[in-house]
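There are two complexes below, and they share chain A, which is joined by chain B in the first and by chain C in the second.
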Partner chain A sequence: MGLFVDEHPDEAFIVRAALMSSFIALLVGGLMGTIQALHRTGFVQVIDNSTYYTVLTLHGVSLVILFAIFFLVGFFQWAITDSLGRGAVDPRLTKAWYGLMTLGSLMAGIAILGGFTDITSMSADVLFTFYAPLEAHPLFYAGLAVFIVGTWLAGVDWFRSWWLWRKANPGERTPLRTFMVLTTMLMWYLATTGVAIAVIFFLLPWSLGLVDSVNALLTRTLFWFFGHPVVYFWLMPVYMMWYVILPKLAGGRLFSDPLARIVFVLFLVLSVPTGIHHQYLDPGIAEGFKFLAMSNTMFLLLPSLLTAFTVVASIEHGARQRGGTGYFRWLTALPWNKPAFTGMALAGLMFAAAGFSGMVNAGMNLNYLVHNTMWVVGHFHLTVGTAVALTFMAVTYWFLPEITGNSVFSERLGLVQVVTWFVGMVLMANAMHRVGLGGEPRRTADPFYEGVTFDTALGSIGELHLQIALGGLLLTVSLLLFMAHVFLTWFDVASRPAPKPETLPPALSGPEHAPAVLGNLRLWTGIAIALIVLTYTLPIAAIVSGNGLFGNAGVLAWGVETLVSLTAGVVG
Partner chain B sequence: MRRPGWAGLFVLFAFVVVFAVEFHTLLGMLGVEVAAQVYFPAAAAAVIALFAAIMLFTDDEADEDGDAQAATS
Partner chain C sequence: MQIHRYEKLWFGVSLLLIVGFIATITYGAVGAGIQMVGDEGGTVDPGEIGDYEIRDGTTFSDIQEPQATHVEGDSYEVAVSSQQFIFNPGTSEPIQVPENSEVTIYTSSPDVIHGIKLPGTNVNTMVIPGEMTKITVEFDEPAEYGIVCNEFCGAGHETMAGNLEVVPEDEWEGDA
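So, the complex of A and B:
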């Protein structure tokens, strides 16, 4: 068994291309983050306040859409190919979805960059949460649509590989990595229907001038239909890395393959019917629907807690294989000198903290305290900014040799990079949480309104802003170290010896212990759809009946109102 | 007592730094206001003392990769 790049050169090419796109987006988005952190805290202001929103949009879109999803598709292409032991069914389709994703990124990116110049009226200062009433240039929406179609085709590509594998291997359990890819993509198909409808039927026609107005609450609801599960779209590949790569790096094996499958099935079923918890303060959605979304969200703690147990058990097993002993002393036997291990372990630790702040966000009463404050920004810098980004960066130190055939430039430099990210993010994210508790708003270039100082019992705002700025600078240093490291490894600047091929050990409790029903993807998808229908039908019907599809109650609204009345009658 | 490898020391240092910084605001939450000009030099001295003690009072058994366990197993 050779390196992935030797076994599957065509697929390795696509993986490298996807990762290259991802890293470019990371660099652009990360540097925008530096500008924001220094601007908002008042230490260095190189842009004016109106440009801040262009920077913010570029930061959000580059990192949470382009960086995360390009990395995801590259990693999934590797996971499918390597675990099924076969290349893409039709390499033209593989190149087509990557091409569409790249095209969509360029379209959306050009629209955003237009906001930096007066030469064109084109702009898309609508932030990552691009719902109405903020309006972007049509190119932005069209680009996002093309990008998402690209991801859909990627899923089709992987499902085709799996179907052919199944024909050739009747009765065999789907390999774990493939199972994880398929459940993630099924969840993605369900989640993206909301944003696809919002973009194609409302936002794009509105920005093109084909309709005069849109129902802002409807586009918000459709966005969050997608906007919360997209978090799990970023997290599920991270979970895959924690389940299949981290135990190997720790020197052991995955504790339980069936438990990992249960976790991914739970994410498929529960991820989508939760989005309304982002809208607790939105008028026009009844409290009962919000309560339902809160309940669904709290159920999502279950797969995360299962993951915490399984991953820690796997790591402990690895540590004991390396000679570790005692209740906690085994921690010292772990390979802390490996940046891939240390980065993923620190990311997992930070994700635990993110889970706690996430429970505050998800609880209706506590949410009222932190809604639209910097607390929320601190939260998602722990989830996507650390659990996802740090894991992606850390796994790159293990993954890059597989797809380039070159050894990592320097493990020591890699370790410095991941630890710097950890320190920077602890300082920045913690301070963000605390200034949020003090009432400092998010999504604003200048948080200091006249006469408002945000005096708080939780440390001085000035000290916390210093922590945010310092953390942001450390993150920038870490980012530049990472990019330099990727460059030096990619082009084998140090001419290091070729890496040895890596194999992933089987789980301690293998797939043969998993009940067959876990592999029934039709069943789990059906249950997921049923939950979505139960959670979303009545709120959306009420939103449309209240304000019409396009913001004005009319003929369409009357029809929907009748439907709601009939449904209420049947339920009653 | 076996000294951690350089990697272990580095990760430990990261935790100590963030704890030292965050502890200042934690004290503030508890109503104990310590001036930054006093707290941070004191915290820096404590961190230096901690690492000096680790270097002085532990046995050096780590390999050059910073892997303490690999050196003893």
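So, the complex of A and C:
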């Protein structure tokens, strides 16, 4: 076995391209974050308040759509190719999906950047959630649609590789990494139908002036149909890294292959029928539907709680293989000098904290205290901003040699980078949670209102704002260190000796222990669809019957009226 | 399939935790009577919020006053238009409700999506064009609260705020 780049040079090229796109988005989005952390705390304001929302849109879209998903497709391309031991069926398809994703990103990006200048009236200051009737330039919606179609084709590409592999290897269990990719993509197909319908049938025609209005609650509901499962789309590659790479780095192997599969099946089944938990406070959706979404959400804690056990157990096993002993002393036997290990372990730790704030968010009644406050922003900077982003950055120190053939520039510098991210995020996310409890709203350029005060239980708002700004600055330092490090490794500036190829060890309890039904993707997808139908049919029917498909002045209302008068004419 | 004893135990405890969460929230809703936003307000034409019928013979615009309208006993009503970038009433003069009252707030939007939050309380709801938000809130002690819009509603969003005063009974000038 050689390095991935030597075994599969064509696939490694696409993986590198995807990661390059991902890192550019990370740099752009991250620097926007710096501006925000300093602006809304009032310390340094280099933009005016109205530009803040352009910055915020760019921050959200760059990081959670472009950075996360480009990294995911690159990583998945590696996972499929490496675990099946075969290249893409048709390299043209691989290039096509990467090309479409890039084109879509540029279209949406240009629309957003238009908000910075008066030269063009084009803008898309609608934030990552693009709730209508806030309106973006049609290019923004079209770009999103093209990007999503690109990801769909990527899934087709990977399924085709798997189908061919299955023909050549009848009766064999699908390798774990491939299984994880396939379940994640099935979940993604289900999830993106919501946003695809919202964009293609409602928002794009409306922004082009083909229809007069939108049903605001309908497009919002369709957004969250996609908007919650998308967080699992970021998270599932991270889980793959924690399951298959982290145990190896710790010196051991995965505890249980079947349990890892169960976790991914649970995500496939439960990810989508939860979106309404983002709408606990929405009028027009009955409490019963919200309760149903809450129950699904709570059960979705299960795969994460199971993961916590398996990952910690696998790490402990690794530590004991390295000579660790005692109840807790084995922790000292872990390779804390490796940035890939330390970064992932710290990301996992922060994800545990995020789990707890997430449980608060998920509670229908507790949610009233924190909905749309900075608490929520603190929560997702722990989840996507640390569990996902820090794991992606950490894994890069392990992954980059595989796909470039170059050794990392400096492990020690990498260690400084991941620890700085952790410290910065502890400061920032903790303070965000606390100002949120005091009621400070999210998504505002300037939370200093006349006649409105926010009280914190401990410390002052000013003190907490300082922590947010300081944390933001540390994160910026970490981000720049990471970018520099990627650059220095990518171009092998230090001319290090070539890395040794790595192999991933099999699990302690192998796939042969898994019941065959676990591999039945049709069954699990069917159950997922049934749950979605159960959770969404009635609320969407109620929303549409209330205000029509296109809102009050929409073409449907016009169409029905016309039809009625025509019928009346014919009958009369 | 071989599952470690500890892992089985962990699985059981996790399930218990999940069921426990759902149980406490169910109790909060049914037992403690925590009111949550539902679909009771129905729909409304965003262009004609004022014509929304609160009840027979009383429209939204009839009660859209800074001072809460008395219904019966401790019950009061307030109607607020949440729009770019003011609460009407609320922004130019504070909304007033008496202490020890149960106030039903009606609000909707003629333009884009907004949010209403009284910082320091759990009074918090979305305002969506086409839908009438209806929530009932209990105000016990005299107090002054801020009101902020907590959903991005366009350039100017950061200025959208107001106030609500819970007035002592002996200073209450409205109907009681």
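Please note the rule applied: the second predicted complex is superposed on the first by the 552 of 572 C-alpha atoms of A that agree within 3 Å, B and C clash if a C-alpha of one lies under 4 Å from a C-alpha of the other, contacts with A are read in each partner's own complex, and residues count from 1 in each chain.
The criterion applied here is as follows: a contact is a pair of C-beta atoms (placed from the backbone, for glycine too) under 8 Å apart; a residue touches a chain by one contact, two chains touch by 3 or more.
No experiment lies behind these values; they were computed from the predicted model shown.
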| item | value |
| --- | --- |
| First, second, both or neither for A:Glu440, with chain B first and chain C second | second |
| Touched partner set for A:Gly284, first chain B, second chain C, both or neither | second |
| Partner chain in contact with A:Asn215 - chain B first, chain C second, else both or neither | second |
| First, second, both or neither for A:Phe422, with chain B first and chain C second | first |
| First (chain B), second (chain C), both or neither touched by A:Glu463 | first |
| Partner chain in contact with A:Ala333 - chain B first, chain C second, else both or neither | first |
| Touching partner for A:Thr117 - first (chain B), second (chain C), both, neither | neither |
| Which superposed partner A:Asn169 touches (first chain B, second chain C, both, neither) | neither |
| Winner by number of chain A residues touched, once chain B and chain C are compared | C |
| Chain B-touching residues of chain A, taken from the complex the two chains share | 322-324, 332-337, 342, 346, 411-412, 415-416, 419, 422-423, 426-427, 430, 434, 457-460, 463-464, 467 |
| In the complex, chain B residues that touch chain A | 4-8, 10-11, 14, 17-18, 21-22, 24-25, 28-29, 36, 65-70, 72-73 |
| Interfacial residue positions of chain C with respect to chain A in the complex | 1-4, 6-7, 10-11, 14-15, 17-18, 21-22, 24-26, 28-29, 34, 36-39, 41-43, 45-47, 108, 111-113, 115, 117-134, 146-158, 161, 163 |
| Chain C-facing residues of chain A, complex | 49-50, 52-53, 56, 125, 127, 131, 133-134, 215-217, 220, 255-256, 258-259, 279-287, 290-291, 294-295, 298-299, 301-302, 305-306, 309-310, 313, 359, 362-366, 368-369, 371-373, 438-447, 449-455, 509, 513-515, 542, 546-547, 551-552 |
